[in-house]
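Presented below are the structures under discussion, each in the form of structure tokens.
Two complexes are shown next, each including chain A; its partner changes from chain B in the first to chain C in the second.
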Partner chain A sequence: MRFKKAVSAALAAAMSLTLLAGCGSGGQQNSQGSSSGGETFKIGGIGPVTGSAAVYGEAVKNGAELAVKEINEAGGINGVQIEFNYQDDENDAEKAVNAYNTLKDWGMQMLLGTVTSGPCVSVGEVAQADNIFMLTPSGTAVDCVKYDNAFRVCFSDPMQGLESAKYIGENNLATKVAAIYDSSDVYSTGIYNAFAEEAENQNFEIVAAEAFTGESKSDFSVQIQKAKDAGAELVFLPFYYSEASLVLKQAAGMNYSPIFFGCDGMDGILAVEGFDASLANDLIFLSPFTPTSEDEAIQKFVKDYESAYGGTPNQFAADAYDGIYAIKAALEKAEAASDMSPSDLCEAMKTAMTEVTIDGVTAKDLTWEASGEPSKAPMVVKIADGDYAVVE
Partner chain B sequence: MSFISYLINGISLGSVYAIIALGYTMVYGIAKMLNFAHGDVIMIGAYVVMTAVTGMGLPPAAAILIAVIFCTVLGIVIESVAYRPLLNAASSLAVLITAIGVSYLLQNIALLVFGANTISFPNVLSIPALSLAGGELTITGEAFITIVSCIVIMIALTLFIHKSKAGQAMLAVSEDKGAAQLMGINVNGTIALTFAIGSALAAIAGVLLCSAYPTLTPYTGAMPGIKAFVAAVFGGIGSIPGAFIGGLLLGIIEVFGKAYISSQMADAIVFGVLILILIVKPTGILGKNIQEKV
Partner chain C sequence: MKNMKKMNKMTRDNLITYLMVFVLFLVMQILVSSGNVSSLLQGLLVPLCAYIILAVSLNLTVGILGELSLGHAGFMCVGAFTSAFFSKCMVNTIPIAGVRYFLALLIGAAAAGICGILVGIPVLRLKGDYLAIVTLAFGEIIKNIMNILFIGRDSAGFHFSTTDARALGLLEDGEIIINGPQGITGTPKDSTFAVGVILIFVTLFIVLNLIHSRSGRAIMSIRDNRIAAESVGINITKYKLMAFSVSAALAGVAGVIYAHNLANLMAQPKNFGYNMSIMILVFVVLGGIGNIRGSVIAAIILTLLPELLRGLNDYRMLIYAVVFIAMMLFNWSPKAIAWREKYAAKLKRGKKKEV
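Now for the complex of A and B:
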């Protein structure tokens, strides 16, 4: 008897919830109808603010919000203010598509996102189907900008692999190189493949290429041992900092201290809570942005960011900051109005993006090709005394 | 020389699996249920140690003791709230699903309390690495402690079960719950004790796991938990020496597979070997072949 009562109570509760939900969506439609006059440009953002890649998503959110605030204070785009709505995807492709749908319901006209490669590829598919303009600040996989509505601020994976191999070869950092990469991750594999290809043209040899998968990314002892046995003087680590911090720790435990070389995923390693920064000393990685640069625009960005969020911005914040300004430049070039439909805006911005040049914090004279790739030069960062420093 | 180094790595990894597997196998052997939340109790234990050491500045030994007590209480609470009401349910699936539910609950509580950011686990076992053969072979302090603790725990547990009254009660409950109750054994109390011991082991496993591989996230316990479950089945679930052997073999196969066959295929090799062993010996290496009486 008691059971039946409980069931009927639960059913009643469920029904009233459905009713409420009905009200909710009705209300939303109304509010959307009233705002279709287009008083603002609605820019959506997607990235992980929780999960293992949260450092990136958080930085993108802050960088983008800083740019939006500056633009709005200076009078907006074509005299129209910007609204920015940022959703969490936990670095998960499925959740990213859900976040995208949430933003579409909100009335998003263009997307700054997503932050990480895997989710970006998935969102790219739906954004292409909807013909919504997307600019990823930091999605490095080749497929992130597969369609003509997608652009990116950062370097692509192959580009990073290529530049890494060139840098190692041209600076004679090592003759024997080992690589450890995550074979279950597009970002890591993409960089590694291009790196291995370019290595053949360089004066070093890859003596060990060891993989690991996302399912077993805590024990790197075998991969490190193999690199050590092969006599590698440099170990290339094209993956994210959370695993890299483990590799550094385990290598130190095995008395192995080669040069460690990473890509932009390494940015943030000094921010891992409880990480012994001395392990990362002399770690080199490619990064498009460094907060210690003398450049005036960068110094202003770093100062504003620090006073707003209380931490030094990383390259993801910088990418997002430039991303918002790129959207602004393209909207101005296209003389777009905020009451245009997302699809019309997309068509206008596709062309405009290839015609704009911005002086950003990640590069001077930053331009885009129709393929979606940016054209700019990379920077090399080396960690010394627990801080990042630019290598000239 | 690298062969010996791989072997030591394998034994060290296997010892962690073995300690976790001991928790699985005890609970299965006595309560006849799979406690899938075991891996997450490990993660909670590691977070407790981390909080005690970095947050409250306690010495590592005190932190580990607090974690053991915390996990023991947690284990008893989980058992009495989530499992006991279902142990006599018609379907044994009910309690399995509840266990999976508890697993997600613990993960999400940790997400809420500690956030999802990767935390570097503090160095609580500060033992210098052992350098052998002129520096060619190094055994890290963590590996050494893990292997030693695993052996000590295995022996202590075997002695406890065979020599103590409570241990004998456990054996009796595992043989026949009904008959044990008729003989005056407190069945619920015995099962609760099993969970308490299993969870205390989980706390120790958490410290060892996170010391050997020092990152901590709310999902840290999930994969080692599954691997250890495999180890328990591998060795013969319900058997304590079985869990020990299963854990060690799993660790060694995983490391050798990575080293000599393919680092990408390590997991596929581990599970492939599991399938082979189970085809040949369905009850696991040391599993008893119990005939169903009709």
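Now for the complex of A and C:
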């Protein structure tokens, strides 16, 4: 009994110490944040760096850091340097709010994030309560920019579904269409729902709509077989390239070769290891960003990115890169000073954001509406001879 | 103090547990009101309450009943979704947050409890580790059901679907309440730290009193020797079911706290899947099987640890795992226990000499 008591006392003491240690350092950070607020703009970033969605979070981190480095080397924003702090959220809503609070303790003045849709909605709620400006590079769900302090760089899910359906209809690509989508993914279902809705207004028919979930995304033979049996001439694949490469491979194995049509998540499919690029020939997808574009700004971005991190940047990196430049433009427009409180900055940037125009790597003449949506038209990209080509 | 010593060992032990939670609550409350707490820690307070309740309630199944449950996150999921559904529907009908939250708690606990009974009735009649297998399946099934469930509401009533949101056929004034894999968005943020702590107290009260009651002794006798318990006329299934359904209902309460703390509730492998169930089991094992106070402490440490390690950036999850293993060894390895006992004995002797 005595021993038990001693141990429990020690444990309790250790625990309260940890708690207090946490508080102590937090308190210090708070005071640091407010006192050093005058010297730099503090931009926070949140996204998954561990777990299954780490690829996207890493890309955003790299893209944003690249932009921050460039801006700082060019003299900062109105002569003020930027500090960028990127926190991991493991693609989990609860962890994302923790990451957000960590950044708040650090003295974050505005947020570039979060990367994935689910966590973005939760963080949006707290950011709105604190009145902190947030710009998500890649949170595509409608609710991500529900509040007036939130903006996004990427397309929204419904917009992509709508544009895809329109493109297929207007160009008479097919009359019978099958769709395969990931029902456990917000991004994929969001696009599919809008696509199915718009399909009713178009001159094609959805003959098969097959879902899979995040836990069973290695075998698509059932879905492909159903699409084939239904006689679909075009298969719509609104999900990421890693799964799409498997669909293409398995469809080829079943001697089924319809037109495949994807969304911006398809970008990067040619870089999949062990993937026979010839399978992707004639694959069409919507994209905001193509690394092979001959545009000067894009070429420079791709080159800098490759030399800094190795590997070709994907659209997530490009969105984040544009996001940082958008924040810069809005700060300059608002003539913001770095000693303003996050809430004042947010008020100033809310209006400034709707007035700026930036030439980014994901779009030219990019502007924002007060609703938070960017005004950009997706490019239609078709893969030909193992390379991306923009279809005018 | 003298009274303390006169009290029997059990009461004193329980009091220490209550006191510990209360002191922690007071310390945090004072720190929060004086503005000394980082936003990170403040944001963690409510989830901490949920995890403590989960750990304590699972300890009832694993430690006291002696059955392995691998689907605790499933019961939490049931509680979270039913209560969030209720709150979202009633947010305009019942404007008083306190009343709404109280009803949500009851509904969440009841729904999870009923699921516990449904799972328990067939499984708890069996001997062996069947509960582990069935609860494991139950957790996955619940998560998958939540991922295909679409419920909407308009002036014509509720609409259900298992295909997609469009199949609901909502009228123009309709709103989607459960949107399949995207879950429930816009649950009112009703959970507070104070309510969370009150619920911890309620949980501790229920669990500790159950353990030390006549029923509790019956439950423990089943754990220790089923045949002996049966021979003295204890209704095995009844007591097993009692412990298991209480444990499930309390997990439902934790789910309610969790759901009303975040703006959007999605059933992902991360928060309601197998991993989460194992995480709760780790709290219990690390804190000591059957040791309620240990569960509380382990839940606090293991929830705070990954957040306090954020300073280490990329090495965060690595260090977390290493600390994890080190703690496990310290708590359970025979060598470590022997060393601790030796050290404690030395301390004791030292104290006696001083006196």
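Everything below uses one rule, namely that the second predicted complex is superposed on the first by the 325 of 392 C-alpha atoms of A that agree within 3 Å, B and C clash if a C-alpha of one lies under 4 Å from a C-alpha of the other, contacts with A are read in each partner's own complex, and residues count from 1 in each chain.
Methods note: a residue touches a chain if its C-beta (ideal position, glycine included) is under 8 Å from a C-beta of that chain, and two chains touch if they have at least 3 such contacts.
None of these values were measured; they are calculated from a predicted model.
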(request) Report for A:Gln87: first if it touches chain B alone, second if chain C alone, otherwise both or neither. (result) second
(request) Classify the contacts of A:Asn149 with the two partner chains as first (chain B alone), second (chain C alone), both, or neither. (result) neither
(message) So in the superposed three-chain picture, is A:Thr50 touching just chain B, just chain C, both, or none of them (first/second/both/neither)?
(response) both
(message) According to the stated criteria, A:Ser183 is in contact with first (chain B), second (chain C), both, or neither; which is it?
(response) both
(request) Applying the touch criterion given at the start, work out whether A:Tyr192 contacts chain B, chain C, both or neither, answering first, second, both or neither. (result) second
(request) Check the contacts made with chain A and report whether chain B or chain C touches more of its residues. (result) C
(request) Considering only the touch criterion stated at the top, classify A:Asp229 as touching first (chain B), second (chain C), both, or neither. (result) first
(message) Per the contact definition in the header, classify A:Thr213: touching chain B only (first), chain C only (second), both, or neither.
(response) both
(message) Is A:Val97 touching anything from chain B or chain C once the two structures are fitted on A? First, second, both or neither.
(response) second
(request) Could you give the residue numbers on chain A that contact chain B in one complex and chain C in the other? (result) 50-51, 90, 183, 213, 215
(request) Could you pull out which chain A residues touch chain C in their complex? (result) 1-3, 6-8, 11-12, 15-16, 18-23, 25-27, 29-30, 49-51, 87-88, 90-94, 97-102, 104-105, 118, 121-122, 124-126, 141, 143, 183-186, 189-190, 192-193, 196-197, 209, 213-215
(request) State the interface residues of chain B toward chain A in the complex, per the touch definition above. (result) 2, 5-6, 9, 13, 50, 54, 111, 115-122, 129, 131, 135, 138, 140, 142, 212-215, 217, 223-224, 254-255, 258-259, 262-264, 266-267
(request) Please name which positions on chain C make contact with chain A in the complex. (result) 9, 16, 20, 24, 27-28, 31, 36-44, 47, 144, 147-148, 164-166, 180-182, 185, 189, 258, 261-264, 266, 268-271, 293, 297, 300-301, 304, 307-308, 310, 314, 316-317, 340-341, 344-345, 347-348
(request) Report the residues of chain A in contact with chain B in the complex, numbered from low to high. (result) 50-52, 54-55, 90, 183, 210-213, 215-216, 218-219, 221-223, 225-226, 229, 242, 245-246, 249-250, 253-255, 272-276
